[in-house]
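A quick write-up on the structure given underneath.
Going in written order, the chains are labelled A, B, C and D, and every chain counts its residues from 1.
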Amino acid sequence: MAYLGSRRLFVLLTAGALASAACGGSAAQRAALKVQSQNQAGTNAAAPGGGGYSGGDAGASAAPAEAGAATSDVAGSSPGAGASSSGSAASPAAGSNSAAKSSSAAAQPATRSAAGSSGGSGAQSSGAGAGKVLPGGSSGPTPGAPTPGGPPGAGSAVGGATDVGVTANSIKVGHIGIYSGPVGSFGDDLSYAGRAKLQEINDSGGINGRKLDVLVRDDAWDGTKGMNAARDLVEREHIFAFCCIMSVNTSDPLTPYADEHKIPHIGADGWGEPQYKGAWTFPVSASAVTEAHMLAKYQAEKQGAKRVAIIYINNPTGRAYVKAYEEVIKKFNGEVVFSQPATFDDPGTTTFIAQARTQNIDTISTYLDPGIFTRLVREAAAQNYKPKNAFSGAAGLYFQVTPNFTGPNGEGTIAATHWVTNDMDTPGYRAYKAVVEKYYPKIDHSTWTKGGFVGASIFGNALKSLGLEVTRQRLKDTVDTLSNFETGLGPNISFSPGHHRANKTIYLAQIQRSGDKFEFKYIAGPLVDEYAETN
Amino acid sequence: MTKLIQTLIIGLEYGCVYSLIAMGMVLVYRTTGVLNIAHGGIGVLAGFIAWDLNTLRGWPYFPAIGAGILVAVAAGLLFERFIVRRLAAPALATVATLALFLLLQGLVFVVPWWGNTWGQVFNSPFANKQVAIPGADYSVSWDQLILFGNVLLFFAGLYFILRRTRVGLAMRAVSDDPTAARLMGIRQKLVAPVVWGLAFGLSGLTTMLLAPILLLDNTSLTAFTLKALTVTFVGGLISLPLTVLGAITLSMLEVSTQLYLPNVKGLSDAWPFLILIVVLVARFARGTKALEDTAVAPA
Amino acid sequence: MSTVMERAPSELSPERAPAAPKRSPLNRRTILRTIGLTVLTAFVLTMPYDMNWAGSAFALDYGVIIGMVVLSVSVLGWIGEFTLAVVAQMGFGLVVVNLLQNAGMPFLIIIPVVILSSIPISILLGVFALRLRGVYFAIATLAFGYMAQKTFFQSYLGVQGGFGGTDSKAISRPAGFQGSESFYYLLMGSLLLMALICWAVNKSWIGTSLTALRESEAAFSVLGHSPGAYKMFTICLSGAIATVAGAYFGMLQGLVPSNYFQPALAVLYFGFAVAGGMGSVGGACVAGIAFGAIPKYFDSLSEGKLVGYDQFFIGVVALAVVLWAPGGFAYIGRRIWHRLEGSPPAAPEVSTFEIDVRDPLAAAAAAGAETPDGAEA
Amino acid sequence: MSGREIFSPQARQRAARFMAERGHAVRKGNGGNGHGRTLVLDPAKLARFEPVRHRLATQIAEGGLPTRRRRVEKREILNVADLTIHFGGVHALDGVNLSARTAEIAGVIGPNGAGKTTFFNCLSGLLTPDRGQISFDGHRLNGSPATRGRHGLGRTFQTPRLFGTLSVLDNLIFGCRTADSARREYVFDPGLRRISHRERSVRLARMVGFRGDLAAPAGSLPFGDLRTVELARALCGAPSLLMLDEPASGLDVGQAEDFVGLLRSLSDLGLSILLIEHDMSLVMGICDHITVLDFGQVIAEGTPAEIQRNELVIEAYLGRAD
């Protein structure tokens, strides 16, 4: 019996081997996949102009390099062969300037895996061209040959593969978003603003002739999945840097990992405290601790909050939120009477409310996503209960979906945000909105979309200031000394080495009735967190 | 006193949810020998269809939930006709329900316009209507009352069906002794579709009743289902009254632990296991070696 | 890496070594087996690189660990039970690894300690198995898993800081296996070793006894064999595999949120085991690797767009398996192999999947075989 | 009365007639449910057993049964006192007393539902009685079924419970392993202990009249063979008390005759046999002592002749027959 068992394993694995060999061998297939996915990414964009950003463009130019890499990874020591075979496989399919690149790669491998070790000197290839077909091998290793038909303002790249993930005409950037999972229905918006900014950078000519090749992954708001994706991006895709990851559950564990691998992460969400401990992570939004400080102070001073109950998602940031709130409210002679952790499958909101009622709570603060928060509010409404100062919560609530979900029951809810609120309508906000909605018109502008946008802006600016010599170390050093970066969305951002708490500003918004709808309206801010640690 | 009444009400509320789910599972198990793991999944399907019709296509509320429940019943009939009937053993059918469960839970992601959805608001027309409980400083929403009423209705209805109707008689006969029932000529073909349709419909109904109170999502009903499954043990997967009793006991214990002993972390989640041990010890003390052991059943 | 590559074939060969009598050295069967063995070995050794087009070797590491978990579920099929506590056992393995690594233990000590640490929990579950069968046992393990996740992992230990956090120190991979590719060889080696042990156990008199136990516990016990001892052994074996898998899972992920260890996941793994063929060693490994790794590859291929599809497709596969091949992949593989080999079909397939003692059809068949009473009148 | 003689011709005829009726019914019932299908076996596997078969043929072909006569002592081996068990409100057994002696066949008879199988289940430990003592071979019998099995309490089941996917031979070897691990002697043939498991199994299989293929999966056997193999398996375990639950049901005429003869000679060789039957005619022929159960109570006991004359027994049987 068992002998048969071993044989069946045998057969299945054999079949699997054949199938995977058939697929793995096809570089063209991989290139096609790549292009296709890039195109999908670009479909949201209202591609402006003939030479403007289009996913297919970036994908086509990136494809041969990857195909070459895929082949040479397997072949190990013969990058030349790998690159040339990829050229022949990919150029008819992709129809771009790939042939030129691959021929240069024969002399000096321009593949991702080789690029890191070759240190960036040597072969150059043509600059970024948009959909321009060049005959195979004709341009050769001519450095900086300008290609006709390139996008306006696109300089030719001189610099080549200066670091991992950087080629003559592209920079690989990793982005991890929340596209599924418990907060998936609104979590995807978190990515879009940052991605819109990156696309805008590409459309306006890229980074000194290099296009940003943004690789996107999903973490389902789960650090495990996020780290899987991060490892894949770093170890297999060989990205240059991470940009604007707005998922706290991934950004937290990613911080030590980024330090270990010396990979810059520009524009982290900053919600979790661990992110401020990393040398290579640059958070742009404020921490949940700062939110708790400011909320507690505001509610104690303006609303006279004395007896507070907190319900929080049971993760380190949630616990830090409770602790921070408690510290500040005590300064105003208030207290956190009790706190209760919540999980997605079993929020326990009913008993939380019952307990709040019996404990004579005047303020309920939350560290929740809009989903559980909605449950909380609905449960409270069903029990005909509302604390004196209504509900309040961390920036996780500051979505337009929250008032939509809670309806009239959520009226009076105060949420923290780290940037100007939507109804403030500052020029900076309008500029931000214009860029984002050009690519993603239906986005729900929240704390995190603005954070992502700022992160992407900083990333783009820093990269541009590096010139052609793009390396991780130089990028880190540049951002480390960033001073007073104009975000236009409230606080300006400054980093200094060892001090990455760039944003300590909180705005508060409240759900108020406007007509028959409910919306978040500005009520206070900017409040600068005087209790924040200085690291 | 106020707190006690509140505790009792909340306990009853969750007890209703657990019992509704648990009764559906016991019904299927005792008549077909299949553990219907898909119970939660069917609810997700029905719930999302109703939500789709109501919210996206503008159907009125009641036709929409009616359609959702009908889809669930139809799914039950189809599942019985094309899958359960083709499988030789209840064990295999149990696995089929597992597969169905995975399939349905994944379906929410596959349908593009439902996609990536965790929670959806699916209000009933009775939203924001409450009844104050005198002397308890507490009120209960209409949705919760409807849930409670449905549990009573279903319990009574099931009792009536089992005691007074031909199908019920056949169901009882099958559950008491499937072999004998078969030999006596009771047709499983008559009983099984009724059972599966009823159970799937019940699952759909459960979702419809829960969605206005919580949110409509694809995981929390599963979480409830797994918890409810642990209380079916109290009734030995056979007895409906004992199952309901177990469900209410569990929820009462959970709620009172959460309200009275909020600092004893984790105790409220340990109750299913603790109850299980108590039940086992009780059964063992009564001298029954195994809950169900046909190997030693008296001739 | 090269040492691993040299070692792996020798690990493979005992399992592959044909036990059937050889008539002529160069018959079709021998040739097929040699080719198959070669291809398989080559494939197992190069798998991370073969699949590089689709995603990082990480996906494969993950798959191999799921293969271990599914093996653990499948092994319990030997006594005709199914457990929903494997995920909890994984969690305990992870906790133990974390504690030991914090105490500075080397890898070679950690794994044996993890195996030992699995025994108390297995025995606790085993006590239930002595009293409960089938669905009832599954429910007991479900309640246990639920408690373990909510009470132990989440509230007290806060494994890795509760929900995806970083409160405690991350678990690190053993020295020399930092990369996903090299870690794959460690994992694959471990899985093959486990599979080999399970296969050997199943082939030995223990396996025969377990078959007998599954066929009729009453007859087994009145013949003087203690069902409890055999059940306990199997549960301990299964528990040890699951716990080691958990330990590796911790090493792979570094940080694991406690919500990973929810019982619903155990239901999924049970589904994998069924698809692989309950009770089969090879089927479990293949199903685990496939169902574990494919969604991960899919994630990287679709760049986070087609999420949540994996559950749907696993559901479809499981349903198809139940309907058309109750023996799972194991049965399908055996059929294909027999066709390839040209050997006569195997003995009538008896599904190894028997979780339920209440089986009206079998009972009816047995009842029909007895004569109706009243013949003596 | 008919203690030491082998089966009176009249009883034998009676049994045969009865068995014929039964065997007929069995064949009819078997048509639909898959028993009795033939199995294609790997010729190589068959060849492996060839030498053994040959040896067996020479040993068993002439005698068929071990014919050695030994002087056996008769002593009480089993004593059951006041055994009571109830399920819910039903008293399945109510104060049952019974004793069995070595080298004798004791019968337990009674109409359907009289509690006979429950009685066996209590003896073999599958059920825990509410009350009552069982002493076996000099000490009090308690513990798990496995412990009792190792003490020498062998049994068969009303519906044969073979390990269906294992081969017949493996089933038998299973029994032999018990005997060896418990260090038990074969009461009816001490020599068996010295031969290998396989040979022992084969010999016992032939002894009980199994003529089928030993390598076949036990689940594929015809119903009659299931009974004989199960008996052989129980014998392989070297019991000192063999409990047989309706062992003759489902056997055809020839098998029944052989079977009855076999039981008689096993008992003569020192094995104590406890037999459940619900028809009297067969039991009367071979039993030395009979206990009649009805509604969980002993309504009569004694020699077959006494039982046949007992008013209560007649009433219990005739009152019920229709």
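By our rule, a contact is a pair of C-beta atoms (placed from the backbone, for glycine too) under 8 Å apart; a residue touches a chain by one contact, two chains touch by 3 or more.
Computed from a prediction, not measured in an experiment: that's the story for all the values here.
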Selected interface, A-C versus C-D, where C-beta contact pairs are more numerous: A-C
Identity of the most central chain, Cα criterion: C
Interchain centroid distance [CA atoms averaged], chain C/chain D, Å: 41
Chain centre separation (chain B, chain D; CA means) in Å: 48
Centroid distance [mean C-alpha coordinates] between chain C and chain A, Å: 36
Intercentroid distance (Cα basis), chain C paired with chain B, Å: 30
Two or more partner chains touched - positions in chain C: 20, 150, 154-155, 211, 216, 218, 307-308
Of all residues in chain A, the ones touching two or more other chains: 179-181, 184, 344-346
Multi-chain contact sites of chain D, meaning residues that touch two or more partners: 126, 158, 161
Chain C contact footprint on chain D (complex, rising order): 18, 21-22, 25-26, 29-30, 32-35, 39-40, 42, 44, 112, 124-126, 144-150, 153-155, 157-159, 161-166, 170-171, 174-175, 177-178, 181-182, 217, 219-220, 223, 230, 233-234, 237, 249-250, 278-281, 321-322
Touching residues (chain side chain C, partner chain D) in the complex: 20-21, 205, 208-209, 211-212, 215-216, 218-228, 344, 347-348, 350, 365-366, 368-377
Chain C-facing residues of chain B, complex: 29, 33, 35, 37, 83, 86-92, 94-96, 98-110, 115-116, 174, 178-179, 182-183, 219, 222-223, 226-227, 229-230, 232-233, 237, 265-267, 269-270, 272-273, 275-276, 280, 284, 289-296
Residue numbers on chain A that touch chain C, as the complex places them: 1-18, 20-21, 23-24, 29-30, 33, 37, 40-41, 70, 73-74, 176-177, 179-181, 184, 215-229, 231-232, 235-237, 249, 252-253, 256-257, 272, 274, 313-319, 341, 343-346
Touching residues (chain side chain C, partner chain A) in the complex: 15-16, 19-20, 36-37, 39-40, 42-44, 47, 49-59, 62, 150, 154-155, 158, 161-167, 170, 179-180, 195, 199-200, 202-203, 207, 211, 253-257, 259-260, 262, 277, 280-283, 285-286, 290, 296, 299-305, 307-308, 329-334, 336-337, 340, 346
